[in-house]
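A, B, C and D are the chain letters, set down in written order, and residue numbers restart from 1 in every chain.
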Amino acid sequence: MAGNSFGQLFKLTTFGESHGKALGGVIDGCPAGIVLDLDKIQEELNRRKPGQSAIVTQRKEPDTVEIYSGIFEGKTTGTPIGFAIHNTNQKSKDYSHIKDSYRPSHADYVYDIKYGFRDYRGGGRSSARETASRVVAGAIAKQFLSDIKINAFVSQVGAMKLDKPYQDLDFSKIESNAVRCPDTEMAQKMEDYIKSIKKEGDTIGGVITCVIQNVPIGLGEPVFDKLHARLGEAMLSINAVKGFEYGSGFAGVAMKGSEHNDAFNTDGTTKTNRSGGIQGGISNGMDIYFSVAFKPVATVLQSYETINKEGEKVTTQGKGRHDPCVVPRAVPIVEAMAALVLADYSLLARTNKI
Amino acid sequence: MAGNSFGQLFKLTTFGESHGKALGGVIDGCPAGIVLDLDKIQEELNRRKPGQSAIVTQRKEPDTVEIYSGIFEGKTTGTPIGFAIHNTNQKSKDYSHIKDSYRPSHADYVYDIKYGFRDYRGGGRSSARETASRVVAGAIAKQFLSDIKINAFVSQVGAMKLDKPYQDLDFSKIESNAVRCPDTEMAQKMEDYIKSIKKEGDTIGGVITCVIQNVPIGLGEPVFDKLHARLGEAMLSINAVKGFEYGSGFAGVAMKGSEHNDAFNTDGTTKTNRSGGIQGGISNGMDIYFSVAFKPVATVLQSYETINKEGEKVTTQGKGRHDPCVVPRAVPIVEAMAALVLADYSLLARTNKI
Amino acid sequence: MAGNSFGQLFKLTTFGESHGKALGGVIDGCPAGIVLDLDKIQEELNRRKPGQSAIVTQRKEPDTVEIYSGIFEGKTTGTPIGFAIHNTNQKSKDYSHIKDSYRPSHADYVYDIKYGFRDYRGGGRSSARETASRVVAGAIAKQFLSDIKINAFVSQVGAMKLDKPYQDLDFSKIESNAVRCPDTEMAQKMEDYIKSIKKEGDTIGGVITCVIQNVPIGLGEPVFDKLHARLGEAMLSINAVKGFEYGSGFAGVAMKGSEHNDAFNTDGTTKTNRSGGIQGGISNGMDIYFSVAFKPVATVLQSYETINKEGEKVTTQGKGRHDPCVVPRAVPIVEAMAALVLADYSLLARTNKI
Amino acid sequence: MAGNSFGQLFKLTTFGESHGKALGGVIDGCPAGIVLDLDKIQEELNRRKPGQSAIVTQRKEPDTVEIYSGIFEGKTTGTPIGFAIHNTNQKSKDYSHIKDSYRPSHADYVYDIKYGFRDYRGGGRSSARETASRVVAGAIAKQFLSDIKINAFVSQVGAMKLDKPYQDLDFSKIESNAVRCPDTEMAQKMEDYIKSIKKEGDTIGGVITCVIQNVPIGLGEPVFDKLHARLGEAMLSINAVKGFEYGSGFAGVAMKGSEHNDAFNTDGTTKTNRSGGIQGGISNGMDIYFSVAFKPVATVLQSYETINKEGEKVTTQGKGRHDPCVVPRAVPIVEAMAALVLADYSLLARTNKI
């Protein structure tokens, strides 16, 4: 209710602040009998962790997950899976210079008004560090989904846009570069660009595209809980996200119905897929694909003017360890959230018919 | 759970099919003591109802709402508000030609797989007719919110885009034309265009922009239930929606952090508003604005090829009473959903602090 | 959230006041494909309706249910089932004498404090008339459950207690008398007693026992949502209920573990059933049985002293049409709530394992 | 959903098995600004912990709680409070003798059917060890409630019943004896009796009574979420509970309405309190009191016959470290659950009126 849970039947609740003792969560509703590969969970965390390349934040965190419950003799038991990731490299002192001022386009100010206090240590709960817990849960959801394949990748950095249909991309290349763009040539350009932005002490936005394959027909609930509505909510809940579109998206607006409609093949598949794998909020068995827009990170390592708690102007020098561009590390987060949505709706779909 | 409820504290549950006896819903959690103007509820319904102009569907429905409970001596009582809108102009026969075939880019096929049956009468529950119930609830939510002003309008039809900042628009003009575009010149062009599309028996997409003003600071829950995540879910749950963006949206991706950040004024307001009135998922008191992309309506009044239940190819002639462009009638729906989100989060915000 | 919904997957939301236009509700999550016998729904309502015998309230209500949605060609569609029961025999004037005073042991006073107003017309939402909607939903749940048999009956009126194990009772006799006690001899005594109480203008309490047979093993969720915890909540939510016990109940307290334990047969059934068909919150396949205590109705047709809104003493004469003993009409309500719990947990149980 | 969460606005989710690495939970929705006394949390845990006296289980667990998040500079922050209690004294070998057999009146058998596996180590998730997490959360809820006083105590052990009205008891004596009965004479008898039962290798049931004072008027939601319905659910969710009654309870059944009604004083209080502080599901400002029946613990240290997984008869000797009577250690659990309910409804009550 207070916003720290996601999902209804496969449900994740997370806790933890950027500079607290530990982050973690509880997965409730994970079915019994899944043979869990714990290494795969850690691998997903490693894809998200800081310090993995030159174009991400240099905070050094091993991000090792400890699982406390819900697994017995290698399998899930159907009971809640509690887990924690202990913080080890908090440098709260890095934040003492902003203790009394509000950083622009951060949540500092609204937290103070809403809660009557502010955890100035790296943004506290508003930090994207929280998403580590989502990646753990998503890695478990992926193992539950097994047949469903979820691939996210960076399709845009700043104005640099990968203008190829996803069908022409080789997803096995996603992890071959620091940007996580499957087109290695474009990846190199993006990486160079991010490095130049970083040198300026500045940041830049980006887009992640996600493709979900082998989805059974029938996932999603009509009306308010349409599959894409939940996917959209999931993506928009990730830090720095400003937009979501699926299938033909915003570009589809300019099309006529006669052009936009996906004609059926006799087996129920469609010749085109402008629908993005979802009709009326329910998966139709075609690939689901969507894009997620991330704004540039608000923390710039430059001097800027802002206000303090007393409403006085102050000039501050941005410092600390930050991502110049959030999308490379956000790829596993997008996948994790997609996996959580699909796991939840997979369970829900079991209840549709007598 | 099965997707027919929206909201947590101010909660709407809807029921009803396009050609059933009645549509309606229950609002649970509406606080006691609101002096309700019932005429305003009907006015909102009238904005959505079919047959209101030459560019919308010609189905003739009075869409008169009956309120069964929850109001006593002119005020809300805090008990659930049950209501119904009786269908009077169902022409289910209009649909007999598609009884055995699946319309492309409609929910026919996935309903049949998911539920083992299909209500061919106008799409049954998957019809946008369901949104009438949302408009009723939204009209009540608006009266609860009172000070908060919600204005949605059509900002794009096909490729025709209103390229002015919303601050330069006169919202009082929105209702002055059939398209619901506040720029009357552009509105005329859009209307002409929709008429020409209609003449072709075709349909076209569009974009609705929504601006919410006078929002108190502090609405929205961190992490999963960010204010914009819920707004996005709300909008994506409206029929035919393919995308959502708020603040700088997809365009913000190409900006640098130093350009994108909204510098503070000493009173806590910001000089720019690329954030779209929301920081870290929490309203910051600036205007909230977002855009919603609608695909072209799938029902075209042309001949098309599709498949039947046996998986055989069939040729069908589209007929019935349909909207050539959904956005004019979707304006009050967007407002209604925004109002429901804000009402819900307004109540939730009462619980943040001791 | 505001307390007008019950269930998670098979979910009922109700609306309506004692003297409003209509009562009703929405069932969300009822699976598609149930062949619904609408007459059976009305029959259950008839078991609850006023005026059915000399020992219940003489308000004359046909309690005819109208179903608005969710059923197509005789079967449930998986979409929400909306329904209403129009009030026809409101005599709000009967209540004008208590408009300004608070009836003892009624909800008048707390409603006024909580909501800042009071619907004096028959208790408004706090009236047990709301339970008519539960009976409709329960009747649908029963048809979904099909194999599971739910039988409730009156086991105590005042101090008169039916002291036979339920196995010795003939459930087919429950409907043979106005009290709904399967022991016809005891039923006659109870009926005579209720009549004598009525003559005094007084009321009396009672106990309903419910037996659920043919329950599959595995319904119920461990920890907070134990099957008996939800059953208890369901029963305690019925007007006038003061207590709930299942299996050995309060009497089991005085037993030793060695006496109380239910030894297994080799087929997994147990030789005794002090557990009441539930182990660790999960059904074990044995009969579930529980008892529900109802207090005497608070409205007595006698003169009594109370206070008015100004906190002044006033003397009032009880009048109106009231039940001298609530248990005969509460039997179908207990069954309905049990059916709703079981339907909900039946769906939930589909999600336990991969 | 899967039953490991409790509450709606002040919400606890727990995880952990009897012999796993750690137990713990997340409290979501705790308001910001509560000055938390961490010692008080540990004190409540100490009241529940094993090994505290001769009449409870001799498992040696320090039950030290680690809080991971949600507290900053001594106050709650409004963000989720994650916590863990590491298990240190698991003796899973104690259970190897029952690895392949089902203990009577335990959850072993139903878990195996429901989940397709069984955690034989001390009952796994079905163990009452889970309630340690509830006590942590309850201790925090108590500090939020501050003015509301919750006192639970043992009122019956076996057939030995404390037959005094709670008004005549001195709650400050509850912690003065191992049984937690405020009547020290009766406490001694109960203690002696439990010791004799223990010597037999047997167990015995008991009753806990709980009194809640200084409750504001207006807590509780009408209809399904009545305050006593939620309290009942909360209590019935505690391991070994078989019954719940509040106010006049089962005994009130035999009273006439004219005797049972609580007449008002002019200040809105009532002369008697058979209602148990709740009218129509809403607190009326009088003391709330209720009783909870606990069955005898199923594990007896005697030889017994049961079945194994193959459905064969086996004879087993009960062993391990177990409570001969569960009620002394359950007192803080009852209080904790009551505190959680009241905290939840206190927040909800903020949303009733405009």
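Assume contacts are C-beta pairs under 8 Å (C-beta built on N, C-alpha and C of every residue); 3 or more make two chains touch, one makes a residue touch a chain.
Since the model is a prediction, treat every value here as computed from it, not as a measurement.
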item	value
Chain whose Cα centroid lies at the greatest distance from that of chain D	B
Rotation angle (°) superposing Cα atoms of chain B on chain C, nearest 5	180
CA centroid of chain B to CA centroid of chain C, Å	39
Averaged-CA centre spacing for the pair chain C and chain A, given as whole angstrom	46
Inter-centroid spacing, chain B versus chain A (mean Cα positions, whole Å)	26
Interface hub residues of chain A, defined as touching at least two other chains	1-5, 8-9, 14, 29, 32-33, 78-79, 114-116, 125, 222, 351-353
Chain D partner contacts - residues on chain B that touch it in the complex	9, 29, 31-34, 78-79, 144, 222, 347, 350-354
Contact footprint of chain C on chain B as seen in their complex	1-5, 8-9, 11, 13-17, 20-26, 28-29, 32-33, 66-70, 72-73, 75, 77-82, 84, 114-117, 119, 124-125
Complex interface listing, chain D residues touching chain C	1-6, 8, 14, 102, 104-107, 109-111, 113-116, 123, 125-126, 130, 156, 158-159, 197, 200, 202-207, 217-218, 221-226, 228-230, 232-234, 236-237, 239, 242-250, 252-268, 270, 274-276, 279-284, 293-300, 302, 304-307, 311-313, 348-349, 351-353
